[in-house]
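The structure under discussion appears below in the form of structure tokens.
In order of appearance the chains are A, B, C and D, and numbering begins at 1 in each one.
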Amino acid sequence: MGAYFSEIFRGLQSLATGLGITFKEFFKPVVTVPYPYETIKMSDRFRGHIELVENEEGKPKCVACGMCQRACPSGCISLASKSVEYEVEVKGEMKTKKKKVLTKYNLNFTTCSLCGQCVESCNFGAITFSKEYNLASSRKEDFHFDLLNRLKERNS
Amino acid sequence: MSLTILNAVIAVVIAIAFAALNAAYLVWAERRGAGRIQRRPGPNVNGPLGLLQPPADGLKLMTKQLVIPGGADKALFMVAPVLAMAPAIMSFVTIPFSDSIVARSMDIGVLMIFAFASLGAMSVLLAGWSSRNKYGVMASVRAVSQNISYEIPMLITVITIVMMTGTMNLKELVASQSGGIWNWNIVPSLSSPLMPISFLIFFTCSLAETNRAPFDLGEAESELVAGFHTEYGSMGFGLFFMGEYANIVIGASLITILFLGGWDCPLGLFPGVWWFLLKIYVLIFSFIWIRWTFPRTTIYGLLNLSWKILIPISLFNLLLTAGLLKVF
Amino acid sequence: MSGPIHIQPGETFTLNVGPQHPATHGVLRVKMEMDGEYIVKAETVLGYIHRMHELMGENRTYPQVLPNLSRLDYLGALGYTHGHVLAVERAAGIEVPERAEYIRAITVELNRVASHLFWFGAFVMDLGGFTPLMYAIEDREYILDMLEAVTGSRLTYCYYRFGGLYNDIDDEFIDRARAFIPRMRKSLKKYDALVTGNIIFRKRLEGIGPISAEMCRKYGATGPVARGAGINFDVRKNEPYSVYPEFDFDVPVYDECDSLARYKVRMDEMEQSLRIIEQGLDKLPDGPIMPKKKPKLIKPPAGDYYQAVETARGSFGIRIVSDGTKNAYRFKLRSPTYSNMSLFDEACEGMMIMDALAMMGSLDLVIPEIDR
Amino acid sequence: MIKDTVLQSLRELFPDPEPVVEEAAAESAEGDTAEDDKKKAAKKKVEPRVNGVIERDHAQYGYDIDVQLDPGELLAAVMILDKAGFFLECVTGVDWIKEEQLEAVYDFSRYDFDLCRVVVRTRTSRSEPKVPTISKIYPGAAWHERETHDFFGIKFDGHPHLVPLLLPEDADFHPLLKDFKP
């Protein structure tokens, strides 16, 4: 009999404790961010999709070596280049040299797993992570990024 | 004669409007309250403080298609949500909001409310069974056994009060408690020393009767998906939802009338409808508060609570009060 | 609760719990033969998000598999990537600098706390209490923010590298981690009062869903499920790896074998993880985070290598059969919940559906990790 | 030490090197047809491992005892481990396509602090892979064997419910075989 009542009493006590906790929380300020109206700043190391890095002339740093393409586990990077001849002065003489110039750098973001292997594999620091996270669309094609175009748009 | 009919019609319309408005805005209050308890704002986009959320929800629900599952019993499927809402509104007719604001004061007011409350279980049973969903059937069977076992302690408690006051008329019940907090039924007196416990029992039972957490076994969203209204969409679901909140208002009003002195002021001054409303909204807040604090009970835990704790104690209280009423 | 007494043939019905059901936390399906509310027989159906990570492991080079591991278990991803890098380091014989190992241990334990926190919330939500989930998520967000600042992603980390780490932690991380420990301890007290002590909660779990030690052994259950059955088994202690021998921590073990025991094990484990983080931050040595000489191309010598680690859900094993090339010949992932879930069919027989689902919640299921 | 006792009782399964020879003879008898000649030639290049018990360095391999035996002896070995209180960690397969063999791998471990991981392997022919089920001893093996059957097509004799677990119900392919083309 005593156990019966003490169990009821302890049960009620535990319920009251719970109610006390939620009552206290009721008066605390909210902790959420009203998302579309306010956004938080992404941390410096946040890994968004990749972006080409430009050199001082506003041209991509990329030398089209293709390391990123090979490192990518899901094969979402495709790039193309062409050879361009250019002249340099070596010991007072003009010489023509060949250089690869990036003509296409496409990222298929639909299959990218944001692992960052491409950025790590790049020996020239030519790609970096963007801080974009508000990517949303109902069309798949919107995530086939032409990174060269994006670079141009950024510069213009 | 025609004036009485007009009076009655106006009263009924006001009752319906009050029930519907309460149902709609209690959803908003519940969501805001839950939000605050969980450290988030709740609905706050539609209108100031999100106050336009209920009409928006209502519009959305009304524009949706009512899908009747194949193999369902069509007639019963359609009747069930109406049966959830109608008794709740009917009950409002007898509830006295103040000395003068009452649609129809009846001598058997308490009995009538309980009769309509039992119909609520009927709607749950019909909804679950007619929608031909296994989860729905399981939920409705649960809900019915729950309603039956919780009506017993509830009625025993009411009998205790009726014995003390000698009336079943809700208005007279309140009148017998007027004149300050010391006259209320919740306060123990010489002839009824266990009234606070009775109040707790009645409160628990009304939580269970209205299928509120922690006794929301009929819905049990983590086990039975959505319980008896799994197959309901559009306004069918909306009616269940509104019926639930209308029932909550009834439950809170009943507690106020039976235990908390109705429209009586705690100090015995300026009684009026505002006191009644204040009391029921405090009670409704506590319903919301409890819902967002506790986990759900099990079906056998629920029945154990009713048959092993609530019924014996309320019976004991009945006997004790009966005996003491003879003495004092 | 005792099971059904008389089952007449033809009086049972089949209930499909899942693949879309709130209690299955994903796309798990359990075909239940029901007698009213009682389960007569259950059969788990898997494979709704099977992605064949093992074949991907064979088709890709070792570094390319790195992001896959965090997709196994989205709640405690670092534990799984830790197992992977340790396995490859063991196979290829790569030395790891001490600082890197300490940071790994700290981040893994933080991730374990985050995982247990989310489990705690989801479990109480299984039982019908919604609010604790929100409190748990609030604390978990703190950890995720912290890990995001270091690793660059919130859930599917790709932070560990063979031989070390992707990048070093900074002072800000250390400060935040130090601030997190007292905050979490306070929260644990709150959870204890709000949930663990609650009579409704206890009534739902005490004595419900018994999983005995012998059953654990026969099914190969590990982690909190085994520890809730009185088995003192934790890979961190039984088969020490990384820098765990340096830490002073206890393995919580409860003998009750019921759902409440499994719950308590996880709640106590959070406290132990905090202790490890605390010690790790104190002992954190200076130095490089990558070895000085690291092979450019990872080609482990031919052989069969196995590595087990203790993740939030139990013993995660990874077997690498190498044939000396840059791709693994066989890449086997032994996921803990797979074994833990396999005993559900037997354990839930004769239980009521609500108790069975509470027990399922106490197994801490992450479906992508079962299906792989 | 549990390791020594288990090592000893497992070694008792191999009384002398004779069974190894028998197995090799039986296999060559099986592949008598002319079509198999090519495969036989391939087999000769890479000799499969001889059955037996090997002690491994835990630090290097991650396990202590490495047993390879015939499918027929599997149950005896598993029973020894069951009696010694091991738990089943997992079951998996390896496709040795060059040797025309499929290998079923069983990992066992212990709950106590007497660290000892045992790997039991058994090889079966690739054309008709058949291994007895251990789900009678370890019910937990049922799922692992179904998974291995999914991925490699190894038939587990006596398995109560050998239907695809992770793959679709109607799957008739085995993705982890080295000659699998999606």
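One rule holds in what follows: a residue touches a chain if its C-beta (ideal position, glycine included) is under 8 Å from a C-beta of that chain, and two chains touch if they have at least 3 such contacts.
Every value quoted in this text rests on a predicted model; they were computed, and no experiment measured them.
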{"item": "For chain D, the least number of touch steps when starting out from chain A", "value": "2"}
{"item": "Selected pair, greater C-beta contact count between B-C and C-D", "value": "C-D"}
{"item": "Taking each chain's C-alpha mean as its centre, the one farthest from chain B", "value": "D"}
{"item": "Centroid distance [mean C-alpha coordinates] between chain C and chain A, Å", "value": "26"}
{"item": "Euclidean distance of C-alpha centroids - chain B vs chain C, Å", "value": "43"}
{"item": "Between chain B and chain D, centroid-to-centroid distance (C-alpha), Å", "value": "65"}
{"item": "Residues within chain C bordering two or more other chains", "value": "131, 135, 138, 194-195, 198, 200"}
{"item": "Two or more partner chains touched - positions in chain D", "value": "none"}
{"item": "Sites on chain B at which at least two other chains make contact", "value": "37-40, 292-294"}
{"item": "Which pairs of chains touch, using the document's own definition", "value": "A-B, A-C, B-C, C-D"}
{"item": "Residues of chain A touching chain C in the complex", "value": "10-12, 14-15, 17-18, 21-22, 25, 31, 43-47, 71-73, 113-117, 120, 129"}
{"item": "In the complex, chain A residues that touch chain B", "value": "8, 15, 18-19, 21-23, 25-32, 34"}
{"item": "Interfacial residue positions of chain D with respect to chain C in the complex", "value": "59-63, 66, 85-90, 92, 94-95, 105, 107, 109-113, 115, 117, 119, 138-140, 142-144, 151, 164-168, 175-176"}
{"item": "Complex contact set, residues of chain B against chain A", "value": "33, 35-41, 44, 289-290, 292-294, 309"}
{"item": "Complex contact set, residues of chain B against chain C", "value": "34, 37-40, 134-135, 138, 141-142, 213-214, 216, 220-223, 225, 292-301"}
